[in-house]
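The following pair of complexes shares a single chain, chain A, combined with chain B in the former and chain C in the latter.
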Partner chain A sequence: MPNKPFSASLREPVMHLNKGVIIDLHGEINGTVEVALNAAYDRAEAEDVHSIVLNFGGVDYINSTGIALIVGLLARARKSSRLLIVFGLSDHYMDIFNITRLVDFMNVYPDEQSAVAQLSQLQ
Partner chain B sequence: MSVLTVPLRKLIRRNPAPASVRAVETRSASVLSAVEILPNDPLYSLCLSASGVIDLETLRLESDAVRQLRTAGIRLLIPLVNQGELVGMIQLGARMSDQEYTSDDLRLLGNLAPQAAAALRVAHLAYQQQVEARRRERLDQELRVAGIIQQTLLPKAVPSIDGWQFAAYWQPARTVGGDFYDFVPLQDGRLMIVIGDVTDKGVPAALVMASTRTILRAAAERLISPGEILRRANDVLHPDMPPKMFVTCLCAVLDPHTGRMQYANAGHNASLQRTCDGVIELRARGMPLGLMPGMTYEEKETILAPEDTVFMYSDGLVEAHDSERDMFGMKRLETLIGEHRGGDALIAYLRDALFNFTGAEWEQEDDVTFVVVQRHMQPSADPESGDGDSTVLDEFESPSEPGGERAVMERVARAVSAVDFPPARIERLKTAVAETVMNAMEHGNHYRADLPIKVRVQADARRLSVFVTDQGGDVPISQAPTPDLEAKLAGTQSARGWGLFLIKAMVDDLHVSATPTDHTVQLVFHLAGAHDAK
Partner chain C sequence: MNPSDQQPRTPRDAENWAKSVDRLNVTGTPTGALHLNVQGRQTLSPLKGFGQLWQKTFQATLVGSNHTPAEIVRVWKERFPEFQPPENRFFPSVTGVKPGEVVLINASTPGGIMSTGVMVMYSDEDSFTLITPQGHPESGWVTFSASQVDQNIVLQVQTLARASDPLYEVAFRLIASGMQDRIWQHVLTALAAHFGAPAVVTLTKQCVDPRLQWSEVGNIRHNAQLHTLIYTISSRLRKLVRGNAT
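Let's turn to the complex of A and B:
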């Protein structure tokens, strides 16, 4: 079964939801997508936003290297005092985010509606 | 009275003469030489139009035939005309008593002529029918022999390999056909499986089928890659392929030890693999054999997990029509395969489905051929591999290549579907397997393509185990420190190093063993009912 190609794209048109942008992720997150993932994050940062929202709804596989990439994004966000918000994780990867304690350092929501609602409250 | 009966073949050069007439001509001492009357001779037209006896002595006609007849001593001609066609002729010489023919003689001969003509006509037709019947009988006999010979070109029996079941069905639309299938054991223990379909039906297709089978077998003696086998067969077949003919052909090479099946396809129907997740088409690109020289064939592979079935077939199945001219079709076939457990029973199941669809009066339009390959659940034969009563759900090798863990993960998940294992735990198992396999491929085998990892999945009543073996030997693998997320975020610890941590978090137990050449990780998951299952 062929793997879905990875893509990380800023939601077009870029929605400045209370100074936040959404990056839609698709495919599998492993070591090969580092450049694409960081490039998407770079574009989000260039929008001069307070929050960056990662949509994992289209992600079907994350391996340990992929976890490391997400840790890297989280480290960048913290360094630039941005909020990293996440939604769309499957139950299993929610489990992984708990085990790795990523949920302790980022705001995790089950769906886009609740993530956007959180952005509104951050006004 | 002398009787001359000229064979009709000589008279009009159209119909063959009955053998009995020819015998009269040669055996009787009183028979004179027959005189041939050509269709362009005026006498021929006269014979067609005259009624009764023609007296040559009084006949005034400028004709070569009349001159020859007179020279031969012929006195009377009695044309035998039936349905406007000159079917024969009686030529009489002088009476043996030297008396002249009387008017009674002439009347008798005149009355005899139409009856003799009708009888001769019937005799000719009967003879022609006999000749035609003999010709058909000879052709039928030749076809029956050809059919028997063709069947000898098909495997006399399906292969017998532990843990596998093979079945085949071949039904030509005529006595002989263009469909074929073959099982060819290769020297390295693998098995080549072929199914093919020659355009057209009957004898021409059967002849091309025979040569194709021979060429494929010859190619398999030197080549073990299905794409290469098809490429070679195409190059050999193309120069001698009759116009407007070609061969579609699917060639698969199965490793019975691992379940790995490589395949290439020369324009044949894609085979179907029935897995626990559904039915998938095994597609690979390639032109039919014999159409164009220098073709190459895309090569792909799949893994047959225990209980998986691969079904190969010819278009005579999916293109069969019912009385309403509706086609059997792919969707129907996929549904039928999806709802059946496979094995040789699948043959009868599909055959019955086909006959039910087409109806009892179906005149088979095309050759129909199926080949079924099924992998069985296999009991463990290795007492050291786990509990004595454990069952091996799957055992296979996978090349060490970046990203290769994903396919292994999915295959193990398929194998585990045979036991009672909750979906949420399957996701944990998949992550544990993927991380273990990544470690084995990267750190044990250094992503060397020639060093495959080995995977075995087995279960007993209490637990499920996945063994992942690399060829790193008894060399300690450097262990990453326990991940500390705060340290990673602060940059004092690498962001990486989650693999072993995740594995331990996903499994109920973990064992590591090594020999001088191998390094094995055993992932253990307690099955439902075990008190300590995660």
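Let's turn to the complex of A and C:
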């Protein structure tokens, strides 16, 4: 089965969900997507938001280099006192976020509705 | 929902990742290995330690190699301990470098012998990643990979880690960071030599997070260097007492 191309796009039109924006991730997250992933994060930061929400619902493959890129985003978020929120993780990727201990540092929600509800509470 | 957005039932990477474990479990100690500071310890992430978070990328190029990245990584996994410098002894389990397996480490450091280990967090045909447990000098991951770039093969070791506790952070700033760099340079040089190629190893460093995480200062209670030192001294004392008694 051919690999799905990676894309990371800000939800259009950019939704200012109580000072947060959603980045929809699709395809395979590996070392080759660093530029695209960071570019999407740059655009989200430029919106001057408190929270950046990553939607993993369309992700079908992550390798360890890809997880390192997520750590890089998390480090950037912590540096600038932003909240990095995640939703759409399948059970498998939830396991990966557990074993890599990313869940200790991210707010993880099962779906978009609960992630957005959390943003509402933060306001 | 667009059908293409739905998760496949079994993700392609499912077999590449270790299963989530609360604490590490070592099944059997390889001959000659000192086994301390791993059993029952939790794994750490690059975000969990105390010191500055660094990403270091070591690369060596095999020019015009006839080997594929998969061939090279297979050999790298199978003969992993052989590519280490003599002062850094790795003891994979009998199963080898596979997701979830623990690799024990006995390292000679300026502070004496240190017994620790790592767990294989991820492994595919072109790469594998080790994650450190509590007490290891670093909190984070190291990924070993090979990739085809034009007619060449690029061997890479990439660490994403921070010192686990304040003692290690001081040691890294004074001496240990350079020592560790030399370990990975040695590994790449030895691997390249195995495939009959000379290697010039390049190193790129990036400080991902310069802050110290004072909330993690308590990690020092797991410090493998200190625990091994205490074990070594107490076992020598026991031998001494037994010798005097006879």
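Keep in mind that, in the parts below, the second predicted complex is superposed on the first by the 123 of 123 C-alpha atoms of A that agree within 3 Å, B and C clash if a C-alpha of one lies under 4 Å from a C-alpha of the other, contacts with A are read in each partner's own complex, and residues count from 1 in each chain.
We take it that a residue touches a chain if its C-beta (ideal position, glycine included) is under 8 Å from a C-beta of that chain, and two chains touch if they have at least 3 such contacts.
What you are looking at is a predicted structure, and each value in this text was computed from that prediction instead of being measured.
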Point to revise | Clash-or-fit label for the pair chain B, chain C on chain A | key: clash
Point to revise | Partner chain in contact with A:G57 - chain B first, chain C second, else both or neither | key: second
Review point. After superposition on the shared chain, which partner residues are touched by A:L74: those of chain B (first), chain C (second), both, or neither?
Key: both
Review point. Counting only touches as set out at the top, which of chain B and chain C does A:I96 meet: first, second, both, neither?
Key: both
Review point. Can A:T65 be said to touch chain B (first), chain C (second), both, or neither?
Key: both
Review point. Which partner does A:F105 contact after superposing on A: first (chain B), second (chain C), both, neither?
Key: both
**Study point:** Contacts on chain A seen with chain B and repeated with chain C across the two complexes
**Key:** 1, 61, 63-65, 67-68, 71-72, 74-75, 78, 90, 92, 95-96, 99-102, 104-105
Exercise for review: Sort out for me which residues of chain A touch chain B in the complex.
Suggested key: 1, 3, 28, 30-32, 61, 63-65, 67-69, 71-72, 74-75, 78, 90-92, 95-96, 99-102, 104-105
Check your understanding: Considering the complex alone, what residue numbers of chain A touch chain C?
Key -> 1, 4, 26, 57-58, 60-65, 67-68, 71-72, 74-75, 78-79, 90, 92-93, 95-96, 98-102, 104-105
Point to revise | Parts of chain B lying in touch with chain A, wherever the complex brings them together | key: 280, 402-403, 405-407, 410, 424, 427-428, 431, 434-435, 438, 483, 485, 488-491, 494-499, 501-502, 505
Study note, to complete from the structure: As the complex stands, chain C meets chain A at residues 4-5, 7-8, 11-14, 16-21, 43-48, 53, 55, 121-122, 124, 127-129, 131, 141, 143, 145, 158, 160, 208-209, 211
